[in-house]
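I've put the structures underneath this note.
First subunit A sits with subunit B, and in the next complex the same chain sits with subunit C.
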Partner chain A sequence: MNAASRFFLYAVLALAALYALAPLWVMLATSFKSLDEIREGSLIAAPQAPTIAAWSKAWSGACTGVRCEGLKPFFINSLLMTIPAVLISTIIGALNGYALTHWKFRGSELLFTALLLGCFIPFQVVLLPMARTLGALGFVDSIFGLIFVHVVYGLAFTTLFFRNYYVGVPGELIKAARVDGAGFFTIFWRILMPISGPIFMVCVIWQFTQIWNDFLFGVVFAGSDSQPVTVALNNLVRTSTGVKEYNVDMAAAIIAALPTLLVYIVAGKYFVRGLTAGAVKG
Partner chain B sequence: MTVHSADRWVPKLVLSPTLLASLIFVYGFILITVALSFTESRLLPNWEWAGVDRYADLFDNDRFWVSAKNLAIFGSLFIVISMAVGLFLAILLDQKIRGEGFLRAIYLYPMALSFIVTGTAWKWMLNPGLGLERIVQQWGFTDFTFDWLVNPDKAIYTVVIAGVWQSAGFAMALFLAGLRGVDSEIIKAAQVDGANLPTIYRRIIIPSLRPVFFSVALILAHIAIKSFDLVMALTGGGPGTASDVPAIFMYQFSFSRGQLGVGAASAVMMLMTIMAVMVPLMYAEAKSGSAR
Partner chain C sequence: MASLGIHNIRKTYGDKAKGVEVLKGINLDIADGEFLILVGGSGCGKSTLLNMIAGLETVTEGEITINGKRVNELPPKDRDIAMVFQSYALYPSMSVRDNIAFGLSLRKVPKAEQDATIARVAKLLQIEALLGRKPAQLSGGQRQRVAMGRALAREPQIFLFDEPLSNLDAKLRVEMRSEIKLLHKRLGITTVYVTHDQIEAMTLGDKIAVMKDGVVQQFGAPNEIYNHPVNTFVAGFMGSPPMNLIPATMQRRGSDFVAVMTVGEGAAQSVALPVDARYTTALSDSQSVLVGLRPEHITDAPRAAAPTVASISVPVELTEVTGADILLTTTLGGVRALARLHPDSLDAIRGHTVSVSIDVSRLVLFDPATGLALTR
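Here is the complex of A and B:
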C-alpha cells in the first residue's frame, strides 16, 4: 500500500472515531453549559463558562415524574437491583455449566438445548404472566421482584457462558479427581474455580451491563419507589415543567451511563469477549 | 473407583432450580400468553374463549400495521447499514493499523450504553431547534432543515440513525474477529498469484466470513425486533404513533390501555417474527458450519 492510500485509510478511521465520539462530546459539553449558553451557542462548542449546576440538579433535584429528588434514589435502586442479580445469576450459571459439561446424565444435552430458548425469546411474551405472578408473590413494585426477574431471565445466558468455557476443560482432570475421592463441590471449588477467573469476568460484566441498562423490566415491574435509573432517566427527560433543561437531561444521561462506561473502560477486553461469545453462540 | 453416592443426584439437584425456572417462567409463561391471546381478557385476565377474535382485533388495528411497517423499515435498514459500516471498518482496521486497539475501543463503547441513554443523547442532537439543524445553519447553509425527529414520515429513520451509531461498532468487532480467523496461508498464496488486495477480499476473505455474516445478522435482527427502549427514549413512538414499533404497541395495549388479550396477541406475533427470522438463519448457519 502506498503512502497516499495509507493516509486515506487513517483519515477514514479517524473520521469514524470522531463520529462515534461526537454524541459523548455533545452530552458532556451540553451538561456543563448554562441554558442561556445552550440557546445562543453551538451544539458542538465547548462550554465558555462551565458550571456544574446541571449535574447537581440531575443528581438530586430534577423531577422524574411526581418526585423531584433527581436521579440519586434511582441510581441507588439500580445498584441494589444489579449487584445481587448479577452475583446470583453468575453463581448459578457457573454451577449449571459445570454440571452440564462434566456430570452429564441422560437428557442433560436436551436440557441445555431447552434452556437456550431463554436467550432468544422476546421478553414481551412473558411480561403479562410475570406481572401477575409478581403480584401473587407480593413482589410487585419492589426491588426484590426485579432481582428475581433478572436472575430468572439471565440464567440462560450465564449457563451458556460457563458451559461453553467448561467444555474446554479436559474430562480426565475431573475423572482423576473423582478417583481420588473428590465430590461434586470439591472438584468445582478446587479444580474449576482456580481457572475460571476470565469467564467470571466475562459473565459478570455481561450481566452487569444487561441488567443495569435494562428498561423493559424496570418500566413494567417497578413501582415509583423501586424504579431503576434507566426508567427514571426516561421520566426525567419526559417531565417537562416549563423550560426544557437540556443540560440537566444530558448530565442525567451521563450519570445513568457512568457505571457501564466505567466497566467498559476498566475491563473492555472482557466486555468484548462476552459480546462476541454471547453473539456467536447465542 | 470410589464414587460418592451423592454424586449421582447432586448435579441434577444443582440443575433443578434452573430447569424449573425455565419450565415455568419461559415455557409455561409463553403458553399462558398464547392462551391469553385466545380469550376475552381486557383489563384483567378473563378465561372466556374468544377464538381468534383478538388476532382479528390486532389485524384490524391500523396502529399495529404502522408498527409492523416501522419494524420492517427500521429492522432492514438497521441490519444492512450496521453490517456494511461494521464490515468496512473491520477491513480497514485489519490493515495493520497503528493504534488499532484504541480505535476499536472507541468504535465499540456505544454498546456499553443503555439504549435509553443513546436515545436521550440523539433526541437532543436531532432536536430541530437547537441541534444539528442549527449547526449546519450556523455554518452558513441557512436554508438547511433537518426535522426528521418531529416529522411523522421520517421519525422512524432517526431510530435507524441512533441504532446504527450504537451497534455498528459491535458488528465491526465480530467481523474483525472473523477476519483474524481467516487462514493467512491462503491469502499469501493469492498474493503470490498476483491478486490485488480488493480482489483477495472480494473473492476469498469475505466469502469465508459467511458464518460471521449469519451471526451478526442474527443478533442485529434480535435487537431490532425487541427494540423498545431506544424508540421510547428517542421518539416515544411519536409524533402521534408514527414511529410505533411492535414492542411499544404490546406495552401500551397491555399496560396502559387495558387490552390484555390484544397485548398478548401482539406478543405472540413478536415471538413468531423472531422465530421466523431465527430458525432459517440458524439453519443456514448450521449448514454453512458443517459444510466447512
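Here is the complex of A and C:
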C-alpha cells in the first residue's frame, strides 16, 4: 500500500471516529457548562469555566416529575434490579446450556428450539400477559417483579450462549466425571464452571446492557418507587420548570449510560474472545 | 477383581421398534483378571458396548453382570469401574494431582489416604514430577499416563479402556502398549479394552471379540482368531497385512482333495494345493472355495521348514522391503496375493518369477457365498 492510499484510509477512519464521538463530546462539554455559557457559546466549544453544578444537580437535585431528588434513588433501583437479574439469568442459562448439551433427554432439541423462539419475541407482545402474570404472583410495582421479568426474557439468550459454548466441551469429560462418581451439579460446579469464564463474561455483558438499558419493562411494570434510571432520565428531561437545563439533561444522560460503558471497558476484551472461543482443549 | 458377563445385550437408539439397532445380541464372558479386547471397524458398536458396561449408556435388552451380580440399573459410580478415554478427558481446570484425587475425594477417602494413593500411582506411572501441572502443560504421552493414573487410583474391579492409544504417535503407542500389558500383568485387574487396531488386539488380549455391525463375529484367544478365523471378515481384519483370500476350485484326488488355483495374471498356469484331510467331509468335487493363507505361510526356502509345504513358482509384481521382511505382491486365483519373504532373498527375486513354498497345513477354507469358514 502506498503512502497516498494509506493516508486516505486513515482519513476515512478518523472521520468515522469523529462522527461517532462528536455527540459524546457535545454531551460532555455541555454538561460542564453553566446555562449562561450554553446560551452564549457555541455547541461544540469546550467549557470556558468548567463546573460540576449540573452533575450534582442531575445526581441529587433535579426534578423527575414531582420528586426532586435527582437520579440517585433510581440509579440505585437500577443496580438493585440489574445485578440480581444478570446473575440469576446467567446461572440458570448456564445450567440450561449444560443440561441441553450433556444430559440430553427425549425432546431436549425441541425444548431448545422453543427456547430460541424466545429470542425473537418482541417485548411489546408480552406486556399484557406479563402484567397479568405479575399481578397473579403479587410482584406488581416492585423491583422484584422487574427482576423476574428480566430473568425470564433473558433466559433465551443466556441459554443459547451457554449451550453453544458447552457443545464444544468433549462429552468424554462429562463421562469421566460420572465414572469418577460426580453427579449433575458436582460436574457443573467443579468441571464446567471453572472453564466457563469467557462465555460467562459474554453473558454478563450482554445481559447487563440489555437490562440496564431497558425502558419498556421499566416504564410499564415499575411502581413510582421502583423505577429504573432509564425511566427517571426520561422524566427528568421532560420535567421543565421554565428554563430547559441542557447541562443537567446531558449530565443525567451520561450518568445513566455510565455503568454499561464501564462494563464494556472492564470486560469488553472478553466479549469477542468469548464469542469466538471454541472447543476446550484438555 | 471381578468377572464380567454380557448376556444377549441389545442396544437400539430411538424407538425400540423402528430405531437403529447398533448391538444385536452380544454374549461375552470373561473370568476374573482376564484382558478382553473389543475390536472392529468404526460403527461396529464396540464403544457403545463399553459405555454400557460403564453404565454411561442404558441397556435396551439383555443383562450385564459383574461378579455374577446384575448391574444394568446401577449408575457408573456404583459399579466400581474406572475408565480411560481416547481424548484422556482430563479435567482442564485441575492440576494432575487434583485430577487423580477427584474421584477419591468424591468418595470421601480421607486426605492422608488420598495422598498415599496419589504417591503410589504417581510412582507406578512415573508422573511424580508432573503432579503440579495442568493438563494443558502436558504432552500427549504424559496425559495418557495421568489418565491411567486417575483410573488406577481408585483400585477398581474392572478397567475400561476406550481406544486409549489412538491419539499417540507410532513410537509412543508401542511403548504405552507394552506398559499397559505390564501393568495388567502386575495388577491382574479385569480389563475391557476397545480398539480398532488389530495389532493392539493381538498383543494385549487374553480374549478377543471381533465385532462388525453390532454382532460379535468371533470370540476367542488371539491365536485361535489369527489361525482359525470363522469368516472372511475376521480373516481380512486381523493380521497386517491381512490374510490372502484366493478363489480356487476343489478337485477330488482319490480320497483327498486339492485346491486348484490359477497363477499369474493370464491364468495360463494353475497349481493344486493338497488340502488337509480334516476338511474332507465338508467338501465336494468342483466346489468353489476361498483359500485363506497368511502372507507368512507363502514364503521362500530359508523359512519354509515345515514338512507340509508345496512349492510353486509365482510371478513377481511388486516387492516392498520392510527391513525385517520383503513383502512380495503376486497374483493367485486372479486376485492380488501377498507373500512374506526373507530379507536376504532380495537378490533371488530380481527375476520375473520366484519360487515360494506354501505351508498347506495352515490353509483355511471359506465358502465364497456366505464367507463362513468350512468346518474342519
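The definition used in the following text is that the second predicted complex is superposed on the first by the 270 of 282 C-alpha atoms of A that agree within 3 Å, B and C clash if a C-alpha of one lies under 4 Å from a C-alpha of the other, contacts with A are read in each partner's own complex, and residues count from 1 in each chain.
The rule is short, and it goes like this: contacts are C-beta pairs under 8 Å (C-beta built on N, C-alpha and C of every residue); 3 or more make two chains touch, one makes a residue touch a chain.
No experiment lies behind these values; they were computed from the predicted model shown.
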{"item": "Touching partner for A:Val179 - first (subunit B), second (subunit C), both, neither", "value": "both"}
{"item": "Touching partner for A:Pro170 - first (subunit B), second (subunit C), both, neither", "value": "second"}
{"item": "Which superposed partner A:Val12 touches (first subunit B, second subunit C, both, neither)", "value": "first"}
{"item": "Partner chain in contact with A:Ile88 - subunit B first, subunit C second, else both or neither", "value": "neither"}
{"item": "First (subunit B), second (subunit C), both or neither touched by A:Ile143", "value": "neither"}
{"item": "First, second, both or neither for A:Ala58, with subunit B first and subunit C second", "value": "neither"}
{"item": "Partner chain(s) touched by A:Leu71 [first = subunit B, second = subunit C, both, neither]", "value": "neither"}
{"item": "Which superposed partner A:Ile199 touches (first subunit B, second subunit C, both, neither)", "value": "neither"}
{"item": "Touched partner set for A:Ala29, first subunit B, second subunit C, both or neither", "value": "neither"}
{"item": "Doubly contacted subunit A residues - partners subunit C and subunit B", "value": "178-179, 181, 280, 282"}
{"item": "Contact footprint of subunit C on subunit A as seen in their complex", "value": "170, 172-173, 175-182, 186, 190-191, 194-195, 280-282"}
{"item": "Residue ranges of subunit C in contact with subunit A within the complex", "value": "51, 54, 56, 75-77, 81-83, 85-94, 102-103, 106-107, 135-136, 143, 150, 154, 162"}
{"item": "Residue ranges of subunit B in contact with subunit A within the complex", "value": "1-4, 6-7, 10-12, 14-15, 17-19, 21-22, 25-30, 32-33, 36, 45, 89, 92-93, 95, 97, 103-118, 120-125, 127, 130-132, 134-135, 138, 165, 169-170, 173-174, 177, 197, 215-216, 218-219, 222, 225-226, 228-229, 232-233, 236, 246-247, 250-251, 254-255, 260, 263-264, 266-268, 270-271, 274, 278"}
{"item": "Touching residues on subunit A, where the partner in the complex is subunit B", "value": "1, 9-10, 12-13, 16-17, 19-21, 23-24, 26-27, 30, 38-39, 42-44, 92, 95-96, 99-100, 103, 105, 108, 111, 114-115, 117-118, 120-132, 152-153, 155-156, 159, 178-179, 181, 183-185, 209, 212-216, 219-220, 230, 233-234, 237-238, 246, 249-250, 252-254, 256-257, 260-261, 263-264, 268, 271-272, 275-276, 279-280, 282"}
